[in-house]
Each structure stands twice: as structure tokens, then as C-alpha cells.
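Data block below; observations after.
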Amino acid sequence: MVRLRSVSRSYNTIAGQNVARLGSLSDGVFSIAMTLMVLDLRAPAQEAIRSESDLIAAMGALAPRVAMYVISFMTMGIFWVGQQTQLNHLIRSSRGLSWIHLAFLFGVSVAPFSTSLLAQFATYRTALLVYWFNIFFLGAMLYASWKKALAEGLVRQDLPADVSDAIRRRIVVAQAIYAGGAALCFVHPYWSLAVFLTVQAAYALGLNLPARFRR
Amino acid sequence: MVRLRSVSRSYNTIAGQNVARLGSLSDGVFSIAMTLMVLDLRAPAQEAIRSESDLIAAMGALAPRVAMYVISFMTMGIFWVGQQTQLNHLIRSSRGLSWIHLAFLFGVSVAPFSTSLLAQFATYRTALLVYWFNIFFLGAMLYASWKKALAEGLVRQDLPADVSDAIRRRIVVAQAIYAGGAALCFVHPYWSLAVFLTVQAAYALGLNLPARFRR
Amino acid sequence: MVRLRSVSRSYNTIAGQNVARLGSLSDGVFSIAMTLMVLDLRAPAQEAIRSESDLIAAMGALAPRVAMYVISFMTMGIFWVGQQTQLNHLIRSSRGLSWIHLAFLFGVSVAPFSTSLLAQFATYRTALLVYWFNIFFLGAMLYASWKKALAEGLVRQDLPADVSDAIRRRIVVAQAIYAGGAALCFVHPYWSLAVFLTVQAAYALGLNLPARFRR
Amino acid sequence: MVRLRSVSRSYNTIAGQNVARLGSLSDGVFSIAMTLMVLDLRAPAQEAIRSESDLIAAMGALAPRVAMYVISFMTMGIFWVGQQTQLNHLIRSSRGLSWIHLAFLFGVSVAPFSTSLLAQFATYRTALLVYWFNIFFLGAMLYASWKKALAEGLVRQDLPADVSDAIRRRIVVAQAIYAGGAALCFVHPYWSLAVFLTVQAAYALGLNLPARFRR
């Protein structure tokens, strides 16, 4: 733990230093955001089901919602892994860094909303751009977090330089692809959608980009 | 903590290594999944109750829901204990392992849905198979998690070989019984239900299988 | 950490040993149970409010709900402190102990329901007995937990004998008063209610019983 | 860990000492309070949307709710950082301190309610005073917590005196400004609102008061 010794101390220099608490709050917000859409999954009303085929049909009708939920869960997973990777390399947090992560968590909490908007209005540019902005905001906060952590000396000393590069490169490359995908919505929204889903599946499955793009 | 030293580092080698964060996210998702069905328990409307016997009747009417909730809670408990047992033996996590557990948590979050489906449509094969698939998916993810942890060298060195065997055997035996039980639904769904409930009660109460099946 | 060395190991001897995970899951369930009743607090509809006095009246109408929520929160607090006090003294958990605490958490998750039942039907014996049974169940699980922990040698070695006595005495004394209070409902439900609220306020404020009852 | 040795031990001296559990419960309650208002954000009904401009209009109609949610999130963030800063400096908790923080968490859990009340009835003095009282209660509990921690010797020994001063000064200065802002509602509620929002933005952005006010 850090001992503080300056004479006229401002509150801002002692606030929000606990990286474990930041992780624990994040896990709380993420777990809620991850399960929010499951609230929409409900067993069909008993009166509506008279035979096996009725029930199979009812399950089929739920399929788009389940798919939407899978996508939302994956998006959350990508950013949970991304944030965790950063926090693992920090000695402590700071007030400023805590607020960047609070903004990040705000973005996390609204992601189920923007995902369900996209799922319901997949052919609308507005829905695509709202979704894209949500993703962009999350990426921007993660980038700001890493920059802040480096600037304030919160990163572990023994961190090899290329880890830091890998963290930043990852965000920039991903955001560049997302932005490109979003721009395609002016051709047709389905092109954007295809790009988004491909990128997310690749991340979740841990596929590496070809080496030339990784550098 | 692990120091990373390779020269051209890919993001995938540094992401998602925190096993404590994985546990903490899991506890969040489990606690939500465990309490999700309690949202359906509501005090009866004041107008509907005029005497003690009205209230007793109203409580009686809630009994099936409470029973369904108990079963859901027990299912969650079984898998919470199972996952925890694995994570206790890991030194660290990895990106791949984190994603297996994220998939596992997805299965956890939909379990209240598949349980309530089964409770409402206990005589329907479709409901039984949906429920069984949920249980199967959870078991498959736990099995994959252990295999991955062993393959990536994430398991504690001093782990006796028979602990590893016990973990795998437990999953395989349980899943074999569940699959057998599910198959019985082609005789009559109640047979499957009886097998499922027996297995879960046995797990929760910590009964051991006879020694000859345990090996 | 405990090294396990027996030859033919049963899963039950290695499962559920992490007391930190147990605490973390409990905190998740408690935080949901604590906030469940706040979902019923809603700002009044804009159309219904035309003047300051309308709004004051609307706030007044919410007062019983807020009072009910305060009581529920306090009940949760009492048992949260009680469970935590036990877990603080454990070296590790075990499968059996984990399941006792899972049962305890089930009781926690239904407490908002039984509290709101009592608040709405305070003059009904049935509501009082349901509430009392919930409290009794929670106390019984905590008692069982401590007995199990002692029997399985999970308690820290350096624990003075009188701490163990204090933990058990507390549960027994509290449950005796609650049971006595519940029995009074056959005189009049309000007597029970008065006993319950007095005990809970005393616990929350940390009042000590007179020394002769504490022994 | 503290070894307890007195002969006739009261339960109150051994209960609630775990500061990590207190933090973990707080993170749970905060994460729920932070995401509570997101439940009100719902994608518009598919039937209502026929064109891009319909969807843009629907998004616009959601804007006030999003703004209200941002404010609520920021309020939660301010108090989360404030509580964490205190807990970081504690060696352990106590029963009394735990109950002060449980009261604090009660205030946290109702904050989304008082925020949405203020957002819907911004021109009503009643709404402003309810909101102010919520903020005041949170500040009062944090102040009481620090006083209690100092009185019971729960604060780390090596804490410089000026850290303690900074923590108290922060609360007093903030509460004085809030109280002044609340008093302005007798001129016009909008004045109070302007003061509240300015203070919160300043806190979230980490702006320092001019040095002469900081002393």
C-alpha cells in the first residue's frame, strides 16, 4: 500500500485507489448486464400449449431472442476480458482511473439495450449507429484507461513494453474494424451487421488476425 | 504472477488470466440466477384475502412455484460447487479458459428458464429435452474447462492425480445418468423427471454412489 | 491450502472448500435480497400530481412501503452480520458446509417475500407464522453451519472457546425469543409483531441483553 | 487477524469484523443501484417504427431518461468512491461500523428512486427536498462511519493525520454546498437543481475547489 505524506493533501489524491474493489464492482455490473436479457425469456402460457408441436413452435418463436441474448452475452464477455486484462497489470487505481472505469461500466450497463435495439431494427441505420457508438464508447474508455494508468504510473513496473503495445493495438485494430463496419451501413445495414458479428465471433473464439495485421 | 517475456506478443496470451475475477463474475451470475425465480413470488392482493383460510389457500397455491424454485436453486448449487471445485485448483486462468467459463455462465443464466419450462410442462418431451440439454451443456463446459486447464498447464502442480480423476469421473457419471434419464422420456416423461430429481437430491445431500460406480 | 492425499478419493472430499467464494456468493444473494423491495418504489405518475400537496400526499402513501423495506433491510443485515461472523472464523469450507449455506441463502432470498406478506397481512396468524418460519429456518441453518464446522474441524485452531459459545448462545437466545413471540400470535398477532420488531431493532442497534440473559 | 481473549465475551465484540465482506456486499448493492434505471430503457415497439425518422424520434424521446440515468450513475459513483476511500484505510470492521455501512447501503439502494423523482418533478420543492435528504443521509452515514472508525481504533496506524482531515473536510464541504443548494429551492427549484448538477459534475470530473476553500 502506498503511504501518502504531502502536507496539504487534497481528497483527490487519496480517493479510489483500490483496484480489487474496482474489479468487484465491475463484476457486479457485468453480471447484471449479462443476465438482463434473460428476463425476457419466459415459459409460454400454459393455456397456449396443447401438444408437443405447440411447445416446439413456442420454443422456435423464442429462438431470435435467444440468439440476441447470445450476442449480448458475447459482447459483454469481450469487454469483460478486455477490462480484466488491464486491471491485472495495475498496482493500484486512482480517482481519475476509477471514474474512467465508472464511465466504462455505464457503457456496459446500456449495452443490453443497444443490442436489443439492433436485434429488433437490424435494417435501420439508426439502430446500427447507436450500437456502434456503444461499442466505440467502450473501446474509447478502455483506451483512455490504459493511457491514464501509464501516465499516472499505476502500471506494474515489470511489465514488458510489448504487453502495453498489445493492449493498445488490440483496441485500435478492433475499433478500426468496427468503424469500418459501421460506415458500411450507408451501403446496406446488413453489411455492417455481418462485419460486427464476424469480429465478435472471432474475438470470442480467440482467433488471431493474420500476423501482418497483428503487428 | 506470471512474467511474460516473448518478443512479439499477441493479445491472446495476456488476456483473461485472473482466476479471482472469474470466480467473482461467476458468483454474480450465480446469485442472480439463484434469485431470479423469487421475483415470481408475490404476496396475494389484499382484496382477495378475507380470512385466515383464504390466506392459507393462497399460500397453498404458491406451493408449486416454491417447489420449482427449490429445484432451480439446487441445480444452481450443484453447478456452483462443481465450478468452484475446479477453480480452486487453478493457478491462473487464460483467455481460452475464461471463454469456456463465460459459455458455462451463459448456461447458468438460462437455467431458471429451462427449469420453469419443465415445471410448467412436465408431461411434455420437449420441455424435458430442453431441460436436459441445459444440464448437458453445463456439464460439457465443466468437462471442457478441466481438459483445457490441464492442457494449458493452469492446474496447480501439487495436485494429486486422483483429484483430477475424481473431477472428471463426477461429470461423466452424472451426465451418463442424466442422459439415461432423458432417454426414458420416450417411455414416459415422468420417468425422466423421477431420475432427474433423484440425482439432484442425491448431489445436494452429498450421498455417495455405491463404491463400485464411483471408481 | 490443504493437500489431499488419500488414494481412492471421492468427489465429496474435494468439493466446495473455498470460504471466500462462499462469502462472495452470499454477498451477491444478500445484495439482491436487500434491494428486491426497492423495485416496488416508483415515482408517482406525472398526470396524478398537480401541486406540491399532491406530491407530499403521494410520498405519504409510499411511507408504509418504505417502512416495510427498512424492516426487510434490517432483517437481512442481522443475518448477513451473523453469517459473516461465522465465516470469519473458518479456515476453509467443505461440501457439506457449502450446502448448509446454500440452504441458508435460499432462506435469505425468500425473506423479502415473507416480509412483504407480513406487512400486508399483519393481523393474520398465517402471515406471522410464515414470517416466523423463515426467521427460524435462517437461524437453524446458521446453527447447523456452526455445528458442522466444529465437527469437521473447519474452525480456526486459535479460536477461544467462549467465541464459539457466544455464537451459539446468540442464535439460541434469539430463536427462543422469536418462537415465544410467534406463540403470542394465538393471543393476538400484534403482540408477536411487537416482539419481532423490538428484537430486530435491538439487534441492529447492537443493544446487549441484560448480563443475566447473556450467559 | 485479531485474537480475542476476554473471558465473558458478548457476541457484539466478535461480529461483523470483515472489511472485505463489507466491500463486497457494498459492490453488490452499488452495482444493482447503478443498473436499476437501465431497466426502464426499452427498445420501442416494432409496430410503432416505420422509418428511420420514426426511430430517430423514438431515440430522442428516450433522451431525458438516459440523462436521468447518467445523473443517477454519477451520484452512485461519487459515493462509491467516497466509501471505498474510507474502507481502504481500515484494518478491520466492527459490528457498529458494519451497521453504519448497512444504513449507508440502504441510502444507496433508494437513490435511484429519489433521482427519478427529482427528474420527473424538477419544479417541485418536495422532490428536491427528498433528493437532498437522500444525499444528506449518505453524507451523514459516511461521516459517522469515519468518526466511529477513529473512535474504535479501526483505522490503520500509519495513516497521516491530514488524510483523516481530507476525508472529513470533503464530506463537510460537499454537504454544506448541497444544503445551501437545497435552501435555494425556496427561491426557485431550478436554482437548487443547478447547484446539485454543478457539484456532481465537478466531483465526477475531479475538479478541485479553489485552494482557499479546500483548507
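Details
Letters A, B, C and D mark the chains in the order given here, with residues in each chain numbered from 1 onward.
Keep in mind that, in the parts below, a residue touches a chain if its C-beta (ideal position, glycine included) is under 8 Å from a C-beta of that chain, and two chains touch if they have at least 3 such contacts.
A quick note: this is a predicted structure, and the numbers were derived from the prediction, not measured.
Put simply, the chain farthest from subunit A by mean CA position is C.
In summary, the pair subunit A and subunit B forms a contact in which the copies contribute largely different residue numbers, shared numbers making up under half of all those used.
Here the spacing of subunit B and subunit D, counted between their Cα centres, is 35 Å. A straight line joining the Cα centres of subunit A and subunit D is 25 Å long. Taken residue by residue, subunit B touches two or more other chains at 24, 27-28, 31-32, whereas all remaining positions touch fewer. Interface of subunit C with subunit B (complex): residues 3-12, 14-18, 20-21, 24-25, 27-29, 31-33, 36, 95-96, 98-99, 102, 105-106, 109-110, 112-113, 116-117, 120-121, 124-127, 130.
Those residues of subunit A lying in contact with subunit B across their complex are 23-24, 27-28, 30-32, 34-35, 38-39, 41-43, 46, 49, 52, 55-56, 59, 66, 69-70, 73-74, 77, 80-82, 84-85, 87-88, 158, 160, 162-163, 165-167, 169-170, 204-206, 208, 214-215.
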